[in-house]
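Just so it is clear, A, B and C label the chains in written order, and each chain counts residues from 1 on its own.
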Amino acid sequence: MAPFVPLGRLLDDAGIGEAIHALAAEIYPICRSITGDGVRATLARLARHIDLEVREVPSGTRVFDWTVPREWRIRDAYIRNAAGERVVDFRSCNLHVLNYSQPIHAMLPLDALRQHVFTLPDQPELIPYRTSYYAESWGFCMAHAQLEALPDGIYEVLIDSSLEDGSLTYGEYRHQGETDDEVLLSAHICHPSLANDNCSGLALLTLLAAGLAPLRTRYSYRFVFAPGTIGAIAWLAHNEHRTHRIRHGLVVSCVGDGGGPTYKRSRQGDALIDRAMAHALCHASEKPTILDFSPYGYDERQYCSPGFDLPVGLFQRSQFATFPEYHTSADDLDFIRPGHLASSYRMIAAALDVIENDWRPVSTNPKCEPQLGRRGLYAALGGSKDGAAKSMALLWILNLADGRHSLLDVAERAELPFGVIAEAARLLQDSGLLVEELHQARALGVGMQQDVA
Amino acid sequence: MAPFVPLGRLLDDAGIGEAIHALAAEIYPICRSITGDGVRATLARLARHIDLEVREVPSGTRVFDWTVPREWRIRDAYIRNAAGERVVDFRSCNLHVLNYSQPIHAMLPLDALRQHVFTLPDQPELIPYRTSYYAESWGFCMAHAQLEALPDGIYEVLIDSSLEDGSLTYGEYRHQGETDDEVLLSAHICHPSLANDNCSGLALLTLLAAGLAPLRTRYSYRFVFAPGTIGAIAWLAHNEHRTHRIRHGLVVSCVGDGGGPTYKRSRQGDALIDRAMAHALCHASEKPTILDFSPYGYDERQYCSPGFDLPVGLFQRSQFATFPEYHTSADDLDFIRPGHLASSYRMIAAALDVIENDWRPVSTNPKCEPQLGRRGLYAALGGSKDGAAKSMALLWILNLADGRHSLLDVAERAELPFGVIAEAARLLQDSGLLVEELHQARALGVGMQQDVA
Amino acid sequence: MAPFVPLGRLLDDAGIGEAIHALAAEIYPICRSITGDGVRATLARLARHIDLEVREVPSGTRVFDWTVPREWRIRDAYIRNAAGERVVDFRSCNLHVLNYSQPIHAMLPLDALRQHVFTLPDQPELIPYRTSYYAESWGFCMAHAQLEALPDGIYEVLIDSSLEDGSLTYGEYRHQGETDDEVLLSAHICHPSLANDNCSGLALLTLLAAGLAPLRTRYSYRFVFAPGTIGAIAWLAHNEHRTHRIRHGLVVSCVGDGGGPTYKRSRQGDALIDRAMAHALCHASEKPTILDFSPYGYDERQYCSPGFDLPVGLFQRSQFATFPEYHTSADDLDFIRPGHLASSYRMIAAALDVIENDWRPVSTNPKCEPQLGRRGLYAALGGSKDGAAKSMALLWILNLADGRHSLLDVAERAELPFGVIAEAARLLQDSGLLVEELHQARALGVGMQQDVA
């Protein structure tokens, strides 16, 4: 039997944090929204790493209670002062324009213009991020300090945008595993130049998908890169017949900052993904935050709506809306770091490792402990005060190997990392002391391995 | 559909605290016991507010393991010194006589008299409250300081009481609701001049009954004003065939002091009244005390005896026997305050509101969130940091509207007041986004409304 | 009906701590191992108090996954310096020889000798206890300070031991109760001169067995004095057909030091023994430690292996391996004290009292409280602030006497000692207010009583 190789080790490489950061940096400047060419351009960059399928859902398509809106296109936007200088320029920062803004071209006195400008008085140097998808409106976002400094006068405002029939775009990548049971990994693609929220999630999932591609896995993996809310709803509407295949899932956003880690449980609350993520975070971090489900957040809101109730949680570093950079121009490429991105990547890989490699051992020797010493599995010299600690994983597995406990159950009970338990279980299996519980045995009986080798 | 009006708002009025205090003050001077004219006089005062039925249970009547005792009547009692002065006078404070005392008229030296005098050495200025219902005895209660100051000598003691065949008296008021399922509200009427314990409870329940009278309610309400222990036992003995109708219940005592609030759960422990009271107290007070059932206290002891096991809890401000004024002459009309009485009244009304208006919503749109924005239910402008908080009630209800969660379940999960959830549910129902769970639907399908208008 | 006499009172006598200490002192000097004459000599001492059966299991016998090893005999061992002085002498302390050491007689330079010497550099004055049962080896244990002080030179080392076919020895004592359902009490007998670990446990169980002998009990009691691990495994292998009779069990070790008390739950976790021991410890000690099962420790590892999963916990004072004297020469007769031994004995007796005397009461008067006053069971004078506390046991039992709660359930809920509840239940039973739950009634319907008188 092949030695156990944890998924984390198969997926990881030393430069993963830098690679994620580089990809995030590549898509950061693009002006995305819930529709339009920004999403298409972003998906094109991701498609350089994985064999992405791009779907277009026409404007006006009914998706459950919603209707796909007209497509937003934006070419330019500015506020020009009397001297003809662009005091606010979309080309320098795409947060400057209210996302989904109607077109406008007008000369306005400062007082009238102010009605259409959003600022953050408490963070006067930062540009806020604002949207108006479903209410027709136009507007600009700018630093409060800059607005306060504008002299009275007449300003030229231009938003060269259009709202026309077109389509909503999302991307999908699927990795075929040994079974058609699926793990769903989803990131929102609608935010413009916000690095953590969610260039970080898009880049991380893309490189995770690339890492999985050559591997033989138990589960199939489906990656969805879709606009928040309406995109996830459109995906669910078109894939409703497939959702029964989703056994585990994760929404990924804001995975590059230095806070957290934070995991929000699925609506089910005790799904395997919930336990696997809690386990991964607890063994990777001193102070992980594990939150119960709540119906506010990202697209887990849709996946966990009562009609679907899928086992999908949310993984983040800092929880959204709790860090000062959230939804401002300070959420830039300096705010996300390769080290944090790599650590996020490894926590997700550790949870997937649990999902891929969990099984229910049954002892072949359930009456009294087997003699580990003569099999070379146990320190031969008794009486030592600390020799025993190393053998605890073996003892816990053997004691709980009654077919009612999975390796994750054992790891939780023993307060040891899943990888340590899985490795010890493989040793015991090799020694003939464990077999897999029959009624739970999976068809191929193998864990994750390199496809070639 | 009529807008949701919480019960608290229907019942409340600005002067409720003063009104309760005034009624408590009216009945405070009466010398009550477990039988006798004091109970009748008290019921007569309460009957000025509600259509009270008064029941008489003859002495000697067997009620379960107990027998209704002879009726106690007291006209006068005193201790007179050699100078003929009343040093202890029942007419100035009815606590001075041991409640249910045998008659006596004798000349006694101080030492012999002392054997029949109860004091509180640790609270030397206060007169204790003592009873001897079932052991034949006579005695006086007085301030320890006064007893210590009495000079030696011969004293004349008189207790002009009698114990004769008569009856035990209790009062009942019933409010007919849409169904015959009942809410039981019970207060003990046997204590003499103790304001908190329980003039406060008698007055509060009387005015609550008066407030309910004009309202159309789902449940019928039964108010019982009976002597402690033997009265509740007599009531249960005569109403055994009706107790299956009691769905929720509350014993009310000591509701006017500044401590607490305190709720002691029913023996069942997780009855709806237990959850509703805990919810009401937690949203009304910083530091509510929620206690598990114990078999010591007031008449919940009888309602929660194992042969009945009714869902009846106990509501108080300070827990009985924990405040220094308890069962002493310091439990007077200054010890209870209109503000505390009004707050107690509102907490009970809030819990009744839950009981009256709880229902199980089912989303008509369970797959993905419905689009609240186009129905005017959601802040149209996205991206704002705090706009979301206001919509949490709507989101929680929709997410949990699977027919398995009641509005109280949602309120507990969302940590929002029941009233906020109920109001949001009514909005969603009006918008066609919710229906009531079919198997739980009640006949009339309406909440509490004014009978006229 | 005979008054209730708790087991603790039947078993206890004032000098029990001194008696246990004296017996422990008697067996302390003997050099025990997992086989050999030391075990036989120890059993012979215990047999002076109880009618012990001694079993011999021949070397080479297969017991589950294990094989009984050859028998170890040791006559002498020393390290002699150039002057012919015994610098290490087995006759002065049997910890000096590596337990199960191969024989050796050689002249060795100090450097070569050091390879075979075990010391404790952090506790330089203490001799460690080391074993090598299943790996062929020879060695000495000594104080680190002494080793450091040895001058270079040639030393004569002698271990006059042998490993030959023989047998493994264990002892058993069985007390026949009214039923064949058994309580298992087990202590390991393999450690040489370590007073707490486990002369204390052997002596305590022997005198407990002697105390039980004249008593009439509901359960039968089986005492097992066997070598750790291999002895318990041999016992289980030979008694597999009987293990279904074991309803409760306890492994006892390290019961004479001043730490703890500590109880480690059985693998089942909520067995009656687990609740009874937790109850006994919580009412006997300010700070008991109650631990969940883990697969490291003493012979509960075998009794709780998944193929047996017996309800057997572990009782100790200090938890093993947590006190500095553990497995060193400091675990001597001064380390264990009569007071601690007596306290351990009483805690075990209190738990056995629960197991022997628990039953499920049913009230004959379930509707409302029965009138305790006229039966002389209740303080007749009401209104007193503290009189009630004494009656709480009666009230709790009556309230929970619905046939679904045992006396231990009541004791846990009321937070009162089991003995207080059992005594109150007997009073209520005598008054006709309780009967025993029919479906749980035991054949003889009596608790523990003296066999004569």
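Operating definition for what follows: a residue touches a chain if its C-beta (ideal position, glycine included) is under 8 Å from a C-beta of that chain, and two chains touch if they have at least 3 such contacts.
Quantities reported herein were computed from a predicted structural model and do not represent experimental measurements.
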Category of the chain touch graph - line, ring, star, complete, other: complete
Copies subunit B and subunit A - interface residue numbers shared by over half, same or different: different
Turning angle required so that subunit A lies on subunit C, C-alpha fit (0 to 180°, nearest 5): 120
Subunit A-subunit B separation of Cα centroids, rounded to whole Å: 53
Multi-partner residues of subunit C (at least 2 other chains): none
Touch list for subunit B against partner subunit C, complex: 63-66, 99, 128-135, 137, 229, 232-233, 236-237, 240, 267, 294-296, 301-302, 304-309, 321, 326-327
Touch list for subunit C against partner subunit B, complex: 363, 365-371, 373-374, 380-385, 388, 392, 395-396, 398-402
